[in-house]
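Each chain carries a letter (A, B and C) given by its place in the written order, and its residues are counted from 1.
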Amino acid sequence: MVDNNQLKEAVKKTVSRDDVKYVVGYEKGTYGFQATPTFAYKPEDSKKFIFSPLCVHNLAVFPMLEEKPPLRKGQEPDTRKIGVVVKGCDSRAIVQIIQEKGLDRDKVVIIGIPCTGVVDPKKLEKMFPGHIKNAELKDEDNKFAVTVDGKTTKVSKDELMPDKCKTCEYPTPVLYDILIGKEIKSTKKEDYKKVNEFEKKPLKDKWEYWEKQFDKCIRCYACRNACPLCYCKECMVDQLNPQWVRRSVDLSENTAWNLLRAFHLAGRCISCGQCERSCPMDIPLMELNKKIEKEIREMFEYEAGVNAEEKPLLAMFKPDDPEEFIL
Amino acid sequence: MDTLLLSKKDLPKFITELIKKNKVFAPVENNGTIIFNQISKPDEMNLDSCKSEYPPKALIFNQTETLFKFTPGTKAKIESIDLDEKKVIFGIRPCDAKSVAILDHAFSDDFKDPYFIKKRENTVLVGLSCIKPEINCFCTSFDDDTPASSKYLDVLLTDIGDNYYVEVTNEKGKQLTKGMNQLLKPAKESDLKKKMEIEKKAVDMISRHQKTNGISEKLDKIFEHPMWKEIAFKCVGCGTCTYLCPTCHCFDIQDESTLTKGARIRVWDTCMNPEYTLHASGYNPRPARTNRVRNRIYHKYNYYPKNFDVIACVGCGRCIDLCPVNIDIIDVVTRAGEVKP
Amino acid sequence: MGEKFEPNIIGFLCNWCSYAGADLAGTSRIQYPPNLKVIRVMCSGRVNPIFVINALQQGADGVLIGGCHPGDCHYERGNYLARRRMAVLKKLLEYTGIDPNRVRMTWVSAAEGVKFAEVVKEVTEDIRKLGPMQHFKRENKW
């Protein structure tokens, strides 16, 4: 259970600093089980901050969304810091961006929350369908207490947690300035069960599965825009000269887009699942990212977003990298 | 308007009749999502879900549409596209049908878009009333729309128990249902009463409302209000709202070609992308997310009503369901109505 | 009857080593299959995996990337980075059901004309056995 008062105090303290522009955190959403990102510009704004297992979003996307609008004459750019509330997995995104020199360490103030698992919104909707105007969800050790219209049901965590939480190896943020609560040691290990199962299938079946999934894609690019690590100023898919991926929506271009994105996140994806959550057509994007994560762990002994001093995976090499496929 | 009755067990026969003479599109289940696809048998349909994620406007205003084909070179040729395909969209909800009527304005204003207009003429909308609206449905916030309104449909079916109450509103609908006297019997006064009860029940189920009276005038006064920055700050610019919105109609035109042939195609575009308004000079009139989010709300609730007298939102709630950061248009517009200018 | 399937293979050859090697194979009049279509890049490290995917989309049945031997790269480390990239790309393609043997990589130096011809022979035969690339080819049907 995360102490919400401690969180509010920490946010208040951070916002009151002279060198902090604003702090991003979570607040209660507008209906049902929703939680939504919120911003504190003044110390009073910290009152609306909450943290509960409904806070699934990865807020590390916001420091990279800072825009630089044109300035008036004589106006100086605002270079103050940004505060971010992060869970264990989210903090890895920030560390990875720092590793790639996308962000300076001293540009962010990280308020870390040791996380014992969140709730998958899709699983929650299946279990509690229908009109829910006001609902609450509390973390009670190994169960979730779900309150809908005054009635509370206790559900085991296993039924509602997303897969990423069941194999979480970093419940405590890897990098933080303030920690809300005590550090949690990880007791789980990533076993890549789903990936291993899928790998056993013959090539033909694999393509059949992915063909159906890529056919669903509507190229809305929600996966790219919601991902904290997709922050290229000009995405390759928006390039027109030369145009690598056409704008038309058909199997060929959809496959090219999904493979392109999965590859460009190789060694950078920290498996927060934001892409899969944002996809309106329910494409299992995490499966591709998990496969690459498994391969780079085995082939290059590298994990994304763990050490801010390390060099990024595809920007370095070892003389004895695997090369059995090279003629 | 003709009012008829179709027995529930005759629905498959009705669909089969339609399939005999037309291309019929209905909601089908596709790997976990519901989309509108062509059906060849009535049991391919899936009418359980309230609304499809992917809007049915895609059947008239396709996501990828060929405008014409060409062969490059010294003996270049241009080939037009055949648009004569006749379609029936079955199972479309009243909100999505209204959205097609709203799109009519955009595509037949000062420039009459031949593709949309031709396709619209060749499409018949056979709707299905909503009897179980979802949490984010708010169609009743606009004019006098209801989940069982037949205003924008050619034919509307409402489930009243053992039968469907069928309303045939215009010539198109009459043409479609010609020769189906075996299946469509005349309806009685009691059937209309049942339909009105079901309609009232559905209207009562809608719990979230948006105050749209005078919103267009109010928005004129609050363009520079700081509330837009607050609302837009959590937008990640993903574009989901624009791709799923049944009334959004921005598009891009691109040429695609190989060395020997090509085509000019039109694809959906989104105003949430910074590149949407990026000028060739490098200047961007909507550089920040604040500008773009504000523009989207204004387009729907201010610019469109000023031009065409109708709010370009039908209250389907898809944007609220699927926005990854819970930007809620009901909340935004209600705040816009309450805030001091 | 039974025309042999002639695969279309795109080769991204690095300017300093493998392209020169291919040149040497040509000037030495060594015979090798004509199925390889060469695109010269300055370094194998320039090859972005989207090039490979784009080639497969446009009708190539296979892709060959030729680079300098490890340690010999003109730009010091481009070939090492390409090696890492292709290893990851092949695993990704295999997971989606596209045969990873369609994307091949080779170290050919500027003096290895004979090796280059051998490599092209081997890759052509391998891809001939795999058959034409069907999966996500651009239809261009409009």
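Convention: a residue touches a chain if its C-beta (ideal position, glycine included) is under 8 Å from a C-beta of that chain, and two chains touch if they have at least 3 such contacts.
This is a predicted model, so every value here is computed, not measured.
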Chains contacting each of chain A and chain B, listed by label: C
Chain ID, smallest distance between chain and overall C-alpha centroids: A
Of B-C and A-C, whichever chain pair has more C-beta contact pairs: A-C
Interchain centroid distance [CA atoms averaged], chain A/chain B, Å: 32
Between chain B and chain C, centroid-to-centroid distance (C-alpha), Å: 47
Interchain centroid distance [CA atoms averaged], chain A/chain C, Å: 36
Touching two or more other chains - residues of chain B: 256, 265
In chain A, residues with contacts to at least two other chains: 246, 250
Contacting residues of chain C [partner chain A, same complex]: 48-50, 53-54, 57, 70, 77, 80-81, 83-100, 104-107, 119, 122-123, 135-139
Residue numbers on chain A that touch chain C, as the complex places them: 195, 198-199, 203-211, 214, 236, 244-246, 250-253, 255-256, 259-260, 262-263, 266-267, 288, 291-292, 295-296, 299-300, 313-315, 317, 319, 321-323, 325-327
Chain B partner contacts - residues on chain A that touch it in the complex: 29-32, 34-39, 57, 61-62, 65, 67, 69-70, 130-133, 212-213, 216, 218, 220-222, 225-226, 238, 246-250, 274, 277-278, 280-282
Contacting residues of chain C [partner chain B, same complex]: 58, 140, 142
Residues of chain B that touch chain A when the two form their complex: 30-33, 53-54, 63-64, 134-136, 205, 207-208, 230, 233-234, 236-240, 242-244, 252, 254, 256, 265, 267, 270, 273, 275, 287-289, 320, 322, 324-328, 330-331
